[in-house]
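Can you read through this structure? Questions will come right after.
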Amino acid sequence: MDLSLAQVPRGLVHVIAERCKECNFCINYCPTDVLEYSTEINAKGYHYPVVAEGKEDACIQCRFCDLICPELAIYTTDASATQSKERDAG
Amino acid sequence: MPDNTAAKTAQPGAAARVLSGTHFMLGDHACAEGALAAGVDFFAGYPITPSTEIAEHLARRLPDVGGRFVQMEDELGSMAAIIGASAAGARSLTATSGPGFSLMMESIGLAAMMEIPCVVANVQRASPSTGLPTMVGQSDILQARWGSHGDYGVIAYCPESPQECFDLTVRAFNAADQYRVPVFILMDEVVGHMAERVVIPDATDVPFVPRKGPESAPDGDPFYCYAADEDLVPRIAHAGDGYKVHMTGLTHDERGYPALDAETHDQLINRLVDKIRMNAADIEMHDEIDLDDAETVVISLGCTARSARHAVNEARADGISCGFLRLITVWPFPEKRIRELVAKGNVKRFVVPEINLGQLRREVERLTQLPVLRLNHAGGAMPEPEKILELIRI
Amino acid sequence: MRTEVRFSGVGGQGIVLAGRLLGKAAALFDGKHAVCTQSYGPEARGGASRADVVISDAPVDYPFVRDTDVLVVFFQEAYAKFQPSLKPGSMLILESDLVQHVDGEENYFGLPATRIAGELGSQLATNVVMLGYLIGKTNIVSRESAEESIRATVKESAVDLDLQALAAGIQRAKDDEA
Amino acid sequence: MSVTEQTVHPTADVHPIDHLLRADRLPHILCPGCGIGIVIHSYAQAIAESGMPENDHVCVSGIGCSGRAAGYVNVDSYHTTHGRALPFALGIAVHKPDLNVTVISGDGDLTAIGGNHLIHAARRNANLNVICINNFNYGMTGGQVGPTTPIGARGSTAPRGTTERPFNLPYLAKATGAVFVARWTILHVREFQQAILRSMQKKGFCFIEVLAPCPTSFGRANKIGDGLHEMEIYRERCRIEHGASNFEDLDIDLIDDKKSITVGNFVDIEREAFLS
Amino acid sequence: MPDNTAAKTAQPGAAARVLSGTHFMLGDHACAEGALAAGVDFFAGYPITPSTEIAEHLARRLPDVGGRFVQMEDELGSMAAIIGASAAGARSLTATSGPGFSLMMESIGLAAMMEIPCVVANVQRASPSTGLPTMVGQSDILQARWGSHGDYGVIAYCPESPQECFDLTVRAFNAADQYRVPVFILMDEVVGHMAERVVIPDATDVPFVPRKGPESAPDGDPFYCYAADEDLVPRIAHAGDGYKVHMTGLTHDERGYPALDAETHDQLINRLVDKIRMNAADIEMHDEIDLDDAETVVISLGCTARSARHAVNEARADGISCGFLRLITVWPFPEKRIRELVAKGNVKRFVVPEINLGQLRREVERLTQLPVLRLNHAGGAMPEPEKILELIRI
Amino acid sequence: MSVTEQTVHPTADVHPIDHLLRADRLPHILCPGCGIGIVIHSYAQAIAESGMPENDHVCVSGIGCSGRAAGYVNVDSYHTTHGRALPFALGIAVHKPDLNVTVISGDGDLTAIGGNHLIHAARRNANLNVICINNFNYGMTGGQVGPTTPIGARGSTAPRGTTERPFNLPYLAKATGAVFVARWTILHVREFQQAILRSMQKKGFCFIEVLAPCPTSFGRANKIGDGLHEMEIYRERCRIEHGASNFEDLDIDLIDDKKSITVGNFVDIEREAFLS
Amino acid sequence: MDLSLAQVPRGLVHVIAERCKECNFCINYCPTDVLEYSTEINAKGYHYPVVAEGKEDACIQCRFCDLICPELAIYTTDASATQSKERDAG
Amino acid sequence: MRTEVRFSGVGGQGIVLAGRLLGKAAALFDGKHAVCTQSYGPEARGGASRADVVISDAPVDYPFVRDTDVLVVFFQEAYAKFQPSLKPGSMLILESDLVQHVDGEENYFGLPATRIAGELGSQLATNVVMLGYLIGKTNIVSRESAEESIRATVKESAVDLDLQALAAGIQRAKDDEA
């Protein structure tokens, strides 16, 4: 198998900020360190995850942030699929 | 819409279920046959004297008519299991006696709070504690009303014969479903262990009151399983029906969601109590003998009523002006009728014989300032008619 | 007319079954009213056991025996317990191999029902021999009703034995009169 | 799409699994760093992946923080009394054997007050899936010790540390007859989810213990800073051993950091399920 | 003779046990301190809001003063364990709230039947079922009297403040030992979770009533642990004392042997009820304000009494003729005093505010035909004084 | 004494162990051929041989035929409610740790309704000796099946034979932490008595299962003629294996007469006892 | 060891007839078949064990009949000890 | 004179402790009568939390706040909930970094208590900073009594920090007046 041909999937990160309680699981366990805390707080006073500067293309769509989130506050989608669709729709 | 009520009305396998005909039958067995005739789907119980014959009878009969019999590890589990089965649409029953009834109290409160119909037969024995397991008592009457923490409404029937064990068990299932409440059949050891003639009607003549199900399909208008109708009883949907209900023992809103505030609580609990209180005229049942002009009124229930009736009839034959009020439901209590009797003015006193230390008497005393004569035995023996007659003659 | 019959013995002797057979015969096949109540202790075997049957033309209110018309005794301890409740005119029927009675009892009848049942094939039918004797002596229910009651109550394999036991008891009663 | 184009990450207010949740009740009442939300999430995900109709799934819970699970999943769901989730669920499962009934509750609810129903449901092989969220203490009432608290750990009712031995739950489940027994942590979320799926596919009594942080009560009392800290303990000390060779070795000592914690799918056998 | 009563009177380690001084303390903690001051040896419990603070406090304090704290697997076990410990001579306590109280009912009957002293604190929350766990209720009042199957006698104290949580807990232990009964401290969430000044006396000033032990040595005259004295209370000997007692939940004779007959049962159960009823004058406690000439009498207990007192004082200040009867024991109920008030003739009506749907009111109604005005809330909030004042003013 | 002299065997009205029994209550209420009397007898004998003062022994029972045991032994004795003998006994043992507290009760009382207290008392290692009389059914209420009834055996609540798997009690006791676990039958009366003695000497939770006939209920329902017949089954099929190698093999099948029944002293370990 | 010198103990059998319920355990499990049913019955109607004719000297004092009796209705004593004592007393 | 103070915020902010410290200062060290009640939801953290303190010269009957004299708010949701209960003359004290208030509030005071506590070494002392400010503004209890209350209540390792926090709160109140 030619690994250079294996395409690394790329993901879009969706955050439902108002659900977040700042547990840090998603940020800490992201294998490519995509996430960091927001500077803003949500209504409950928590800093939620945002994509860190320079990491916009780093999400590999492993879904771990989604699965490990106790608040149902984050998920990822396939960037190519989504953006293609968006472009189609647009 | 779920089809379970339709299925019930049709009474599949009714022939096997309903033992139509005339029998010489134990009260305990008549209770079990009443449950079968009412379409019981699920029984969970735990052995305890003197109710065990109900379980044993259903262990033999239920599997043959498509029902499920489960002997649980304890009464806590039995009570929880029948609520669960009912949440899934089953007509469900457990049977026990005093100690087991005490163990069921917490979950009886859950059934009241979740408004899940279920029927509990308590064959009363001489109590408290282990007491006299094989001997008669009638001392769980106030426990049936107040045994679980908090306020709630219940219905309790008190059969005086095997025939009534059958009839009132049928009625208990219907009342449970109609009002979404736990319903008790407060038997006693004498009635439970007495064999007498029992006439079981044809299946088509067994009364059947279905649960009120949702008015819309699962994918239609939102269904709120705690939105009460005018009769204060909400409609119910069952596990698997597709309505995605949520039910909780916490204080909840019409959707069943927890709503932890005092106002919701006050409304909810008042409704739970009022749905029995407001419908009491339809639920409450009693028998009367010669009350119109009676100066002495004997009030009694269960096996004791048999002695009381005998005494009243003898007294009447002797020309004494007395009458008899037999409670068929003890809860709701026939408050209205007793107040009427008091208001009429001819009654001079009440006589309340019972196999406990004055539980019915307390209720009567609350309704009148007239003398309430007591005849109490703590348990183990039912009062003889002569003892009651002596009181009537005083 | 209210007739009160008490069967008494120890657990395991079929006391309650005897009462039920009698009650059923009266209530279902003789067109009477009948109630059978039972009383027993915590022991599965060997404890006092009692069955009261009240038969009447009218509905029966109080279901227990107060004025014993017939006392059927299967065991010594039961005799000691209930003998004092006999009234003048009460009939007393004893299992004579198991119960010793005081002399001078009026209206007393004894039979070795256990032996009779054993001769028929099983001591388990002792209770029905006693029942048959009672019926033979009193005609409290008809023989036919008693037979119907047996057929409607006991398991099929026991019907023949019990019918024989009933017959033997009735015959014994007639023999005693002869 | 060109690789050089920079990805724009959208905001959102709905999660793709929201239809299986009572999303109108989110955010839930559980604390930051509490693991119960992940269990709820995993259960919903397993329903989605089960291939069975949503309406065939039923969730039953008892009392306590974990007991709140039933209130957040959008299937027929029952939040019962303390310790009685199992017999309540048994009633449902026996009356409607085609339903897939999952009990989600806490260690206190299922193994302290509910312990008798646990061993009997396992013995009977009742057709239930049980997810026992073990956070080593009673969280909702403020951090009392319980039958899963490791020896030496503190709680408000054991201020000097408990001296009672905790249950070895997989061993208990196996000894009483469960046909599927697993232990995972919420960090092992994929394996945990697969275990739930397996339990949904099996008839009979399936028992999954899942370790989850309770930072507010257990963590605070035991110098475990936050949920993440406990997750790190799982990461460092868990050892996967499917079909564990010695069930006596499955004791958990969360306090002694030299001891490993064995996780895995330990039992997966066939035995006739109870009345189903 | 066993030496435990002597040991108790001497209060070993009394200094550490009795937190003499003035404190600002939660009602729950005051209850725990009251238990310690009374010499509690053994606590078994299970976490439940809003009583948990009692257990937590004793988990910290008990081991230091030689007592034992056990967190049991459930409330069934907790109740059984405190009875067992008491059978071995311990002053023993459990604490719970509604759902746990329901689970304890069967064994409460055992304690009553075996006549083994024990104390149960029930911090009432809004009920039934799970209800509002963190919010106030007063709806376990009738359950406290009737929650276990059968007839039996109990004592129940209703503190209105943390100070009373302390004082009445001491009293509860003494009453339990004096009468060999289970005694309840019926707190409520407001009182349990309220911090207020609590004065704890010197150890020597804490009242102590010992259990009546055997009058003879173990090898002396035969000792009958159910042979009642004139006060209807029998003497007790404990496991290990050498008297080889037998105790059972079955109906029993004076030796404690099972005696399965109706007559023994009737005598025993009547004694269990009468030993409270006949000693009611010594046990019953209430507070009065201005009852001598009151036309309106407010009756209340627990936290609700605080609002009621406020309302009564305001009404008096406005010149309204009203008075206040505060129940400190709800069981035994102050029947005699209420009958006296009714008999005097000046009372025109009663007002009964309570956080339930009319449990106290029922008891009052039993004693009078005068109007009994209700102010009920099902739970979650205590009535404001203004609401009570409105009723007084009607 | 000359050997040729013929021995005259006296009649008696007192048994040498009567001082440890409430002899005024004998004969007891139990049926002919019931094994519970032998357990009572063995317990009294063990007290006599224990070397401890009689007044240091306490007996606690629950409800049922076996629960009547406490009423016949002449030590401080308590006949409690159904299933609660263990926590009641725990209260005694914790308050007076020097007492030797033995719980004698039935399989229904200890493992059905009392199952939760059993596993928790074992887990805590409460200082109690438990004699669980297993007669495979509820005798006093007339022969209902229970959690020890072998698959296929009949009872009044399983007229066609039970389909539920029974508990393997030694396995359950071991998995929850008992420090002494044994199984004997009343035919193995000497070994059984030694096991009781061992439990009296040990601190901590000791669990002895003893098989005993219930001819009136279980025997009659399952074509076991009388007590002696069941004793013969024990004699023919029991196999002694001390320190059993595989606890899963300790399942009992009384119905299939090809299967052996393993008896012996299975566990005897040391672990700190609870608050004693 | 000279087995001929080993003295076989001899026992006296004591029966408390009124306690017996005729379970047959003592009779069946006596290793030397000392016991048989009485012809008499006790007050409860049961046949109790008696020493069989010809077996008066057969009891070896193994105590099994005692231990296995559910009714506390039988026990044995050392014949030599007892009879010696009786003789001493007499 | 009855004075009613309500502390409100979310679970975990030390609301109840603030109330208890105030109540104890009044009841044990200022010779007043005082009651502190608490109210909380099922959440261990993040749920609404409330402590009512009623201080009076006479015994306190009704223990809850009805006519708020001082409302101390630690969190936005609590502000929304209790702001409407303010009466003319009520004092309002806010954690100004966490709570936004509507304009035109009379008798309003805000302070960044969390920041102030953080500067002292731990945000855990935020509640005591707020308490100090309240005392500084109202003299509802004496500073000495509040200090005594702290010493008698919090664990030893926290006494110094809390005394500093109290002082900082009181100072801030004085600064605001200057």
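Chains here go by letter, A, B, C, D, E, F, G and H, matching the order in which they are written, and residues are numbered from 1 within each.
By definition in this document, a contact is a pair of C-beta atoms (placed from the backbone, for glycine too) under 8 Å apart; a residue touches a chain by one contact, two chains touch by 3 or more.
Bear in mind that the values here come from a model prediction, so they are computed numbers and not experimental data.
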Quiz prompt | Interchain contact steps from subunit C to subunit G (minimum; 1 if touching) | solution = 1
Self-check item: By count of C-beta pairs in contact, the leading pair of chains
Solution: B-E
Exercise. Mind checking the centre-to-centre distance between subunit A and subunit E? Centres are C-alpha means, answer in whole Å.
Key: 59
Exercise. Indicate the whole-number Å distance between the mean C-alpha point of subunit B and the mean C-alpha point of subunit H.
Key: 54
Self-check item: Centre distance in Å when subunit E and subunit F are each reduced to the mean of their C-alpha atoms
Solution: 39
Exercise. Going through subunit D residue by residue, note those that touch at least 2 other chains and give them in order.
Key: 30-32, 63, 79, 81, 83, 112-113, 115-116, 120, 140, 142, 147
Exercise. Quick one: which residues in subunit H touch 2 or more of the other chains?
Key: 41-42, 46
Self-check item: subunit G, residues touching no fewer than two other chains
Solution: 21, 44
Exercise. Write out the stretch or stretches of subunit A touching subunit H in their complex.
Key: 21, 43-45
Quiz item: What does subunit D use to touch subunit E in their complex?
Solution: 63, 79, 81-83, 108, 112-113, 115, 138, 140-142, 144-147, 156-160
Quiz item: For the complex, which residues does subunit E have touching subunit H?
Solution: 22-24, 133-135, 190, 193-197, 303, 306-307, 309-310, 313, 382, 384-385
Quiz item: Which part of subunit D faces subunit F closely enough to touch in the complex?
Solution: 112-113, 115-116, 119-120, 123-125, 147, 163-168, 171-172, 174-177, 247, 271-272, 274
Self-check item: Parts of subunit H lying in touch with subunit E, wherever the complex brings them together
Solution: 19-20, 23-24, 27-28, 33-42, 60-64, 66, 149
